[in-house]
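Two complexes are shown next, each including subunit A; its partner changes from subunit B in the first to subunit C in the second.
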Partner chain A sequence: MGLEPMDDLERELRQGLLRLPAPPGLKRKIMARKRALDAEKTHRRVVFWQRLAASIVLCGAVGGGVTWHNVQEQRKGEAARQQVMMALRIAGRALDQVNAQLAARDSRQ
Partner chain B sequence: MKRSIVAVLLAGAALAVPALAQTSGLPLPSAVEKQLEARASNVTEVTLDKNMLGFASKFLDKKDSDQANAKQLINGLDGIYVRDYEFDKEGQYSPEDIENLRKQFAGGEWVPLVHTREKKTGESTDVMAKMVNGESRGMFILSAEPKELTIVLILGPIKMDQLGQLGGIGGLGALGDVTKTVKKADKGATKGGGE
Partner chain C sequence: MSRDWQPDFEQLVDEHQSMVFSLAFRMTGDRGLAEEIAQDVFLELDRNLGRIESPEHALNWLRRVAMNRSADALRRQRVRGMDLWVEMDENHGAIFEERTSPLGARVEGLLATLPSPQRAALVLRYQEGLTPDEIAATLESPLATVKSNLQRGLKLLRAKAESRLKEYIRGT
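Let's look at the complex of A and B:
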């Protein structure tokens, strides 16, 4: 009588520790899950590198655009500066002629 | 519907083009100028509106005295319009052409400062100032030589003393001398030079 609880425990233990065959398809499922995880990991890595490459290309394009714009602005500014100086030079020459004519007239008078 | 949109756009463009031309204040090349351009062997054209002058001003070197003075001079100007026609031979333009060019600035706010004509050489010069409320708001210079014709139009407030500082730029400071000479001539004789 005193051994009955022990028997129950033993029986439960035996049942619990009973070596059961793996359910059919478990290995396939595990392998499929692993492949899926690996694929996801690879995909994430590819996306990361793609984004990094895209960012580098974008930064390069923006930087190049800004540089090109600055160069163009510099070129236009230089052309405008030269035009201003040329305009003032021509104006100065015209005024010189006016002055020379007035001076000649004065000397005649 | 499409037609009405196109009509509205065209009407807008038609209104905008003259409005833009007016805001710059600079004249469009006249018919005479186009004829002169066709006959000239060498043409120099400079058209700088207020925006362009402001833009160019940023690129003028403050360390260079000429450029620093030029910067000071163009600051506040509304525009600069220069046309220089060089001809291979004499007689490529007529006195009527000169008169037509001069007429554009005759009367109104434009006041003649100098008008000279040398009959022997055929040279003539005109300097006019645009006076608004007693202040100089523009200058027109027309210099005609037998083989060269120069038109200079400067719009905006011009300070004669600043022009005087521009002696290094092709003798632009000569304007100070011109005004002095004109004043002196006014005292003595009537303007009109060798005419």
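Let's look at the complex of A and C:
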């Protein structure tokens, strides 16, 4: 098959099965569909990047908010600790004074 | 294989639209469907353009995808219950008579009566001038199957051509 000599039917097939001309406008339709698909692809890509950017901004905002809140809490905690320490120092000083006064009174007696 | 070759989609459409359309039309027998298949094949080519390495690769790729898409379309038609063979038998010759030579119309009419695997092998053999090995590669079928389809197809065509000739002689 293929190397054998062609008979009449095969010759007829070869002559009868020439490529047909493409319908008019086929190329135009293909190019129009390609353009539409490209535009859709570009649109989808833009929407994807927009969504990604929005997600990043949102994550940043939430993360920033959480961090800010934590920092504020830490500051408040530190201030409270400072206040407690100051109160303890004041109380300690007051106790020292009372102790000193009691010691002075004991020595007078 | 030249990696320097850059595929130009528009040029590929220009060069191969006739081949892709002819394959689809001769396989389906439906002009509208063939045009739709040709459009889909080229859009698929556009999606895979990065993988095409040479003009020969593009040609073989287009042939293979056009045949696959045509076979899919025939399968879908059969699933939907439309007997395309009967339609083709009745209409195929008439469609061609408008635009092709009497010889072309006669060949098309006979070809349309064959089962699709035999028609596919014969179209690739005589429209595209492929060897059985190339047909096997295009259809992704074993070589023995392709050779058998070519032989059976030719035998059937010969028988049909003879019976038509006898009918014609009886009629005159």
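Just so it is clear, the second predicted complex is superposed on the first by the 73 of 109 C-alpha atoms of A that agree within 3 Å, B and C clash if a C-alpha of one lies under 4 Å from a C-alpha of the other, contacts with A are read in each partner's own complex, and residues count from 1 in each chain.
Note that a residue touches a chain if its C-beta (ideal position, glycine included) is under 8 Å from a C-beta of that chain, and two chains touch if they have at least 3 such contacts.
Fair warning: this is a prediction, and the values are worked out from it, not measured in the lab.
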Subunit B versus subunit C as contact partner of A:Asp106, first or second or both or neither: first
Which superposed partner A:Ile90 touches (first subunit B, second subunit C, both, neither): first
Touched partner set for A:Ala80, first subunit B, second subunit C, both or neither: first
Partner chain in contact with A:Lys29 - subunit B first, subunit C second, else both or neither: second
Partner chain(s) touched by A:Gly65 [first = subunit B, second = subunit C, both, neither]: neither
Partner, of subunit C and subunit B, that touches more residues belonging to subunit A: B
Set of subunit A residues, in rising order, touched by both subunit B and subunit C: none
Subunit B to subunit A touching residues, read off their complex: 44, 46, 48, 52-53, 55-60, 66-67, 70, 73-74, 80, 82, 84, 114, 116, 118, 123, 125, 127, 141, 143, 145, 150, 152, 154, 166, 169-175, 177-178, 181-182, 184-185, 188-189, 193-194
Residues on subunit A engaged by subunit C in the complex (per definition of touch): 1-2, 9-10, 12-23, 26-27, 29-31, 33-34, 37
Residues on subunit C engaged by subunit A in the complex (per definition of touch): 9-10, 13-14, 17-22, 25-26, 31, 35, 38-39, 42-43, 46, 99-101, 103-104, 106-108, 111, 122-123, 125-127, 129, 131-132, 147, 150-151, 154, 157-158, 161
Residues of subunit A touching subunit B in the complex: 74, 76-78, 80-81, 83-99, 101-106, 108-109
